[in-house]
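Sending over a structure as structure tokens; questions will come in a sec.
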Amino acid sequence: MKTKKLINDPRYVVEEMLEGIVKAHPGHVRQLPHSPRSIVAVEANRPGKVGVVVGGGSGHEPTFLGYVGKGLADACPAGNVFASPPPDPILECAKAVNSGGGVLFLYGNYAGDVMNFDMAAEMAAMEDIEVRTVVTTDDVASAPLDRKAERRGVAGNVFIFKAAGAAADKMLPLDEVERVARKANENTFTVGVALSPCSLPQTRRPNFELGEDEMEIGMGIHGEPGVMRGPLQAADAVVDDMLDRILAEFPRGEARRAAVLVNSLGSTPLMELYVANRRVAERLAGENISVHRTLVGPYCTSLEMAGMSITLMALDDELAELLDHPCDCAMFRSG
Amino acid sequence: MKTKKLINDPRYVVEEMLEGIVKAHPGHVRQLPHSPRSIVAVEANRPGKVGVVVGGGSGHEPTFLGYVGKGLADACPAGNVFASPPPDPILECAKAVNSGGGVLFLYGNYAGDVMNFDMAAEMAAMEDIEVRTVVTTDDVASAPLDRKAERRGVAGNVFIFKAAGAAADKMLPLDEVERVARKANENTFTVGVALSPCSLPQTRRPNFELGEDEMEIGMGIHGEPGVMRGPLQAADAVVDDMLDRILAEFPRGEARRAAVLVNSLGSTPLMELYVANRRVAERLAGENISVHRTLVGPYCTSLEMAGMSITLMALDDELAELLDHPCDCAMFRSG
Amino acid sequence: MDAVTAKQLIALFEAIATRVETEKDRLSELDGAIGDGDHGVSMSIGFSAVTDALSRLEDPDPAAVFNAAARSFLNAVGASAGPLYATAFMRAGAAAKGHAVLDRDGFARALLAMAQGVRERGKAEPGEKTMVDAWAPAAEAAQAALDRGEPLGAILTAAAAAAREGAEATKAMLATKGRASRLGERSIGHMDPGAASAALIVGTVADTIGR
Amino acid sequence: MDAVTAKQLIALFEAIATRVETEKDRLSELDGAIGDGDHGVSMSIGFSAVTDALSRLEDPDPAAVFNAAARSFLNAVGASAGPLYATAFMRAGAAAKGHAVLDRDGFARALLAMAQGVRERGKAEPGEKTMVDAWAPAAEAAQAALDRGEPLGAILTAAAAAAREGAEATKAMLATKGRASRLGERSIGHMDPGAASAALIVGTVADTIGR
């Protein structure tokens, strides 16, 4: 059985989505006329401000495109579904948002993205644009702690992008924006759980299989296999398992503070996310971690995958202030 | 096969969801201590301002609870999944938000909601609270035009609530807020399409059946049967069918303006909604209807149902201004 | 039964709760076909709240039982069933007011009051494919048996049979009230879930009190 | 074949595109088991973009064909396959530079350059369960046959066989590069999709050019 999708020719699904996005949010984003896969903020980057370019494969909306706007990312190259964008639209984004302050490339750690963004960075360097790169690695389940640099970047992107975007918006220099992005990434921990698969528009076939009553903890946002497959538990037990993994790495110390994201992978509705958040809040209270801010909803999805992820970002005053900094994007607004 | 859900005991799913909501959004909403099914805005209603109470069954999040906050609704009684709240929590909401300016009950037109809200209105009258009621009937497919008053209220609620909430926020008197709500409802037209069913937490069984390659146009947000069942078409053809039904009733005239909502019924992802919006924008341009504002996303859902709805609200200057008025709610922010 | 005590009334509500629990999937499926699929869930939530509330009553009279049932059902359920049955029980409570036990006439009057309450709250006429199509014939049959001077058992048995037939007859009806009303022609062929649960309730009354 | 013309190169890319189109579901399924399920889609998008671009070239030499293939593949695909194959084709283009046709040595060098390009772009070593495990043995076998003085047909046949065996051997490997690398032990038993498509490409080269 093929998954039902409301699309036209699957070959043009990304182009049509982008057109729908700029039509819906003309006050926030536009396509570069000579590079329609490059989405940039309508408001031009201010002189000297670091340009923040985030990006990756499509199919994770509102990640990445939705976070382009004032106070967050300045541009986003859009890849095919689950595929890194090629260097050209990345380079065009860099060129469009470079206002003399240099450019930060900020994206999830996947082999394809690294190769394409690195090629774009080399090309940008040839055009005398200073580019720094920070890859996000918040997915706790994707590699053991001693191989942290190999971890994937998942929903925690939202917080990491937000912090870096705010730092840039405050006119911090490139060194500082890079430092903030690394620090944000260091302090962000995500674990996901999948309940049912998604399928690519081109295949319309589930890209993994999961038993009738099974869940998989640690599954990646492209359906990459996780760390534990087993019978679906009650929400509180699932949350506990996920939080245990996160809390094992969450920084120790006094007066701990966190930002929380309870994220839908696609088709898990708000009702279930809020039920999960009830338990998250309860557990964090028990751990004496105060909750500075909570986001609940579809922030980083995998097409129509069912499941959720939980992200905690450990906050100090600097990160808290950056998260609180206002932003106004095509699909996200806060502060 | 039972639908997988991330919940605990289904009997407490609404209570747990509400707890998760107030934990996530403590700056926006709280539960009344003596009536936890009554969610009210943290910011107390200003003296003389009309109190706007919206509500209905749970399972449509962010409708209704998510629209409580500054500049939109002041309170929301939460019913069981797909079931109107009983009179008590409705009455408690009315009492909590009455600041002398009277109260507007604003909700979708369903037999159960009408009976319960009417009972609450009678009880409020006994406590000398002036209550007016406006039921929303934006679902074009739910009854023929000559029986418009029988139509259901669906995703268009978002625009109607927004307009009425803004009118109240601008300190318009009860008569005027009621007039605005009726006018907003008169000018709001929605058609939905379902691709796959949802299931209640208590049954975890699909509450309707749809063939492997079928869609149903006009299906209600509780799975009420629609007006046309047939093979799933390409997105543009589906949008055209839906828009044709809407445009047949959309007011004629010069310089037409619309607000657009492309809404996910639950598991249909943003990618598909934006593909649909591309066609909506194209069609409206062809009809010489200018788009004042577009919302795309899960604004009024049916648990994890797959499908979408399209809403157009015909705008004059008054409605446009009310839609643009700022609001800051638990799950919605704009302006 | 000669006279129905408050305790027996409580047992009746418990029997209804048990029946509803057994039948809730069928009721939800009926509702799924023409409504929103929650009727079994709502009835189950409602009657389990009722038995809960009744178990906490101290030394109630029949009116107090009906009133507690009304309040607890309403607040647990909402939906359409909530106001309809809450009103039914409230009217039964009013009919029972002042009686320590309900004799033949007293119990029959309470049943008739319930049917009347459903009718008034929902403003539905017979033939509109709602629970009224079970309650109205049940009330008529009960009234006729009452007028004929039959004993309570026969009155209730007649009511139960009429309710069952009434529910059956909704299959052929076109819905004009409630969620199914937008279905038009397509509602035909399906039994109304509210009528089905009404038949089940009246049937349980006959089985429990009519013995 | 004595010497490969630009036209024959274009026909080669068309043959690869056709093969990939036929096999794309299998490639996506292999990727679904240990990666993100898009490898067949990416390869199909890539080679259809390549044939498109090549059909628009006016009077190209072999280097121009490789360069156009690199650019079009990269921009259509991105992903991992994009940079890897774009670099491969770019290196082949560099190797072919200045040659109007590719003779035995010229074509073999272009093939070796492709393998080298994949290796350098991905920084993967053999044994890490990537397409390098098909490309590296293919290059070795080709080099050996070249050194032995065998004709182009035999060189390519040897390369194709080695690529096929290399891909087969990835089943037993533990992934350490690419998306599958987080899988650890669980990647064992599944063929690497990139190695599978590499074997398919080299096989098509042998079938088309080696005849």
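Details
Just so it is clear, A, B, C and D label the chains in written order, and each chain counts residues from 1 on its own.
Going forward, contacts are C-beta pairs under 8 Å (C-beta built on N, C-alpha and C of every residue); 3 or more make two chains touch, one makes a residue touch a chain.
As the structure is a prediction and not an experimental result, all values here were calculated from the model.
Chains making contact with subunit B as well as with subunit D: A. Subunit B and subunit C, compared by their mean Cα positions, are separated by 32 Å.
Work out the mean CA point of subunit C and of subunit D, and you get 74 Å between them. As a whole-number value, the distance joining the C-alpha centres of subunit A and subunit C reads 54 Å. Annotation for subunit C: no residues touch two or more other chains.
Chain contacts: subunit A has residues 81 touching two or more partner chains. Taken as a graph of touching chains, this assembly is arranged as a line, each chain contacting the next along an open chain of partners. All chain pairs that count as touching, in label order, are A-B, A-D, B-C. The residues of subunit A lying in touch with subunit B in their complex are 1-2, 4-9, 13, 16-21, 23-25, 58-59, 61-62, 66, 81, 193, 195-196, 201, 212-213, 215, 232, 234-236, 238, 260, 262, 266-278, 281, 291, 294-298, 301, 303-304, 306-308, 331, 333-334.
Listed in rising order, the residues of subunit B touching subunit C in the complex are 11, 57, 79-88, 110-112, 115-116, 119, 142-143, 150-152, 200, 202-203, 205, 207-208, 220, 222-225. Contact residues of subunit C toward subunit B in the complex are 25, 28, 32-38, 40-42, 44-45, 74-84, 121-122, 177-183, 186.
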